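In what follows, a single structure is set out as structure tokens and then discussed.
By letter and in written order, the chains are A, B, C and D; residue numbering begins at 1 in each of them.
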Amino acid sequence: MNLAFDIVLGLALLLTALGVFSSKDLFRAVVMFIAFGLLLALVWVRLDAPDLALAEAAIGAGLTGVLMIDAVAHLSANTLQNDQRDDQYDHSPKRPLWLPVISCVGLFVLLLGAIRFRPEASVSLPDMVRDNIAESGVEHPITAVLLNFRSYDTLLEIAVLLVAVVVAMALKPAAEDRVHQPPPAHDPILHGLTARLLPAMLLVGMYVLWAGSYMPGGAFQGGAILAAALVFLQLAGFAVDRYAASLLRLGLALGFLVFLTVAVSVMIGGRPFLTYPEGFAGQLIFFIEAMLTLSIGLILFSLFSQNPPHSGAVGHQGANHDQ
Amino acid sequence: MIYVQILLVSLGCLFFIVGTLGLLRFDDAYSRIHAITKADNLGLGLLVLGILPSALSVPQGLKLILIWVLVLAASATASYLIAHYIKQHQLSKLPHGARPDTTADGQDAEPDPTNERGPQ
Amino acid sequence: MRYLVPLLLSTLVWWILTEAAQAWVVGVPVILVSTWVAVRLQDTDSGSAPTHRLNWFAVPRFALFFLWQSLQAGLDVAKRTLKPVPDINPGTLYYYTSIPHGTARYFFGAIVGLFPGTLCTEFSEDTDQLVLHVLDTDVDIALDCRRLEREIERLFKLPAADQQGRPA
Amino acid sequence: MTSDLWFALMGVALIALAAFTFFRQVHLLRRILAFNIMGSGVFLVMVGMAQHQRETDPVPQALVLTGIVVAVSATALALIIFRRFYSVSGQVELDEYQIEEPTQNEDHASDTMKDNINSLQDALQSDDEAPAKPSASKGDQ
């Protein structure tokens, strides 16, 4: 019964992906992509990975979807004024088909072979996690892996995010290019709802962060919710940009700096890099996670808001492309 | 009690299916929004009501209700935003399939006295 | 007073979310920040439109009314969908509202989409006219909207309006 | 056949399909979409294979969690670069695909690449001067 459900779910996932690939209209492809993200979140639930489901729904479907829709809107807002380019978008050049087909089939077969003839694992990672979780300072295994057993990954990840934002800022159009921006769309209903629900979003984000020590949740999911709240603020027409210059840069670096400071400062006591002193691991991890949440939220938001402005307003002009 | 719960949850799921069916069967965008918002709202309400007796504590029950209220607020606003967007860009008719009757086709026939102030 | 209601609401939401886990070390700062944000956003919000205060004692009554109406709305849509030929007769209704400009009217515009057969599509800031999309033009939707208006007036402590609406 | 294996196989299929689209499509936005789906396929394989015939494994899950966040930042960055590219060149595809007939000539290919880089550099430098066509139309609100 469960397997039957999983098979249907997997096929639906595959069909949605096919929809993304084959749809003629770009806007439709993006909508299919969002549906794909939501189905994938369901798949994570079926794979016993609620953390991934949370992150996928918030980041994979939500944030990526918003980014893509915004990009499509940008494209078609500019296309409407350059009609002569319109025919260019969906045409594939006459290139030989056999090359992609061969490489794609080859990849498929190789991957299947890799799955079929995989080596047996010599150590059992779940057992190791279970044996050591008492010392990690948190109760939720995934948080323990992220912030304690494999905290290098997380530290480097934050560094990657930071680099992404720095590049994004560097690519920002010059200031005089942006003065002629129309004021953001001000829809009273969206505005009012955002003003009233934003505190709830904050609370939920912080709750998810807090919950990460005991159950599914943590800095990544909390940060995604924070970023979503900020994106909402901007879409609803609140002038978040005003605080961008001063607050954002501080917030952006905060997570990385705090993480690095904690990692290095334990070396004074003669410990290896990135270990926590006994007894304080729980508190330190929570502190780092709180800073990471703030940092991830701000980074993801600024990756959204650093986008060059497009001439249309916030409206999703991609729908004009519908045929 | 458990049978009542099963009944409520099944009814809730049924309403979700009906909402999706409406989305597929109706052929102008506004009516589709009608179908999906109202049926899903009721469906989620019934689901929450069905799960409520199984809540372990008072805050857990309240959490379920909170989820419903938040979804309501979001779907009410989203339905308005989509409808408003369609209205502004005159996308009310979907490209394929004619409407079953054209008697009440007021959108385009009547002049709109309000000035078209959009987010443009 | 301005801080009290957001503070209480934030505390309640946090208590519900953590399921009474006594997580106040984290909770208190979070609640304070969210209260501050709520007040700040309300200040920004009341730029042009007047803000109407909610009458908290009228909330239960409105909730019951809303529950009943959403049941009706769901059943109505289900009935129309499941007919062999979808039984809809969509059209546009130009509706003159008696609710004064401000929060209450925005609330009306948003929530009318959850009531049987109505959906707000256009909102004018200057006139009292709303454009509603109705699922069935044969039903007297205007009457239902009047009822909703009266309930909202009660919810927001507005003086009862004397002006009669006239649907186009 | 367990669910985990099934989803891992779906991941394999997604990777292959996305790779095909990635090679086939020239529109950069579609390539970004395909790239994202390919990433999701990789995540599915990672978690599915680790849990196949074994218990729930937090380590690959944590890695994938990291991966999801990195993927969204990469996508965001790609989109920003795409928009920049679009606003300076007015194109949604890279130039190398607009040559009339595909040629196997090594030198020619590298020349095109150089041209591309040069034109992109020029475009980026000419930033503060006259903006290109699409961004010039920004004023016509």
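One rule holds in what follows: a residue touches a chain if its C-beta (ideal position, glycine included) is under 8 Å from a C-beta of that chain, and two chains touch if they have at least 3 such contacts.
Predicted, not measured: the structure shown is a model, and the values here were computed from it.
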{"item": "Pair of chains whose C-beta contact count is the highest in the structure", "value": "A-D"}
{"item": "Intercentroid distance (Cα basis), chain D paired with chain A, Å", "value": "15"}
{"item": "Whole-Å gap separating chain A and chain C, where each centre is the average of the chain's CA atoms", "value": "32"}
{"item": "Cα-centroid distance, chain C relative to chain D, in whole angstrom", "value": "43"}
{"item": "Chain centre separation in whole Å, for chain B relative to chain A (CA means)", "value": "27"}
{"item": "Per-residue multi-chain contacts in chain B, two or more chains", "value": "73, 77, 80, 84, 120"}
{"item": "Sequence positions of chain A contacting 2 or more other chains", "value": "182, 189, 193, 200"}
{"item": "Multi-chain contact sites of chain D, meaning residues that touch two or more partners", "value": "141"}
{"item": "Contact graph of the chains (line, ring, star, complete, other)", "value": "other"}
{"item": "All touching chain pairs, where touch follows the definition stated at the start", "value": "A-B, A-C, A-D, B-C"}
{"item": "Contact footprint of chain C on chain A as seen in their complex", "value": "188-189, 191-196, 198-200, 202-204, 206-207, 210-211, 238, 286"}
{"item": "Chain B - residues contacting chain A, complex", "value": "70, 73-74, 77, 80-81, 84-85, 88-89, 91, 95, 118-120"}
{"item": "Residue ranges of chain C in contact with chain A within the complex", "value": "6, 9-10, 13-14, 17-18, 23, 26, 30-31, 33-35, 37-38, 41-42, 44-45, 49, 103, 106-107, 109-110, 123, 125"}
{"item": "Contacting residues of chain A [partner chain B, same complex]", "value": "182, 184-187, 189-190, 193, 197, 200, 312-316, 319-320, 322-323"}
{"item": "Residues of chain B that touch chain C when the two form their complex", "value": "15, 18-19, 21-22, 25-26, 28, 30-31, 33-35, 37-39, 41-43, 45, 57-60, 62-63, 66, 72-73, 75-77, 79-80, 83-84, 86-87, 99-101, 103-107, 110, 112-115, 117"}
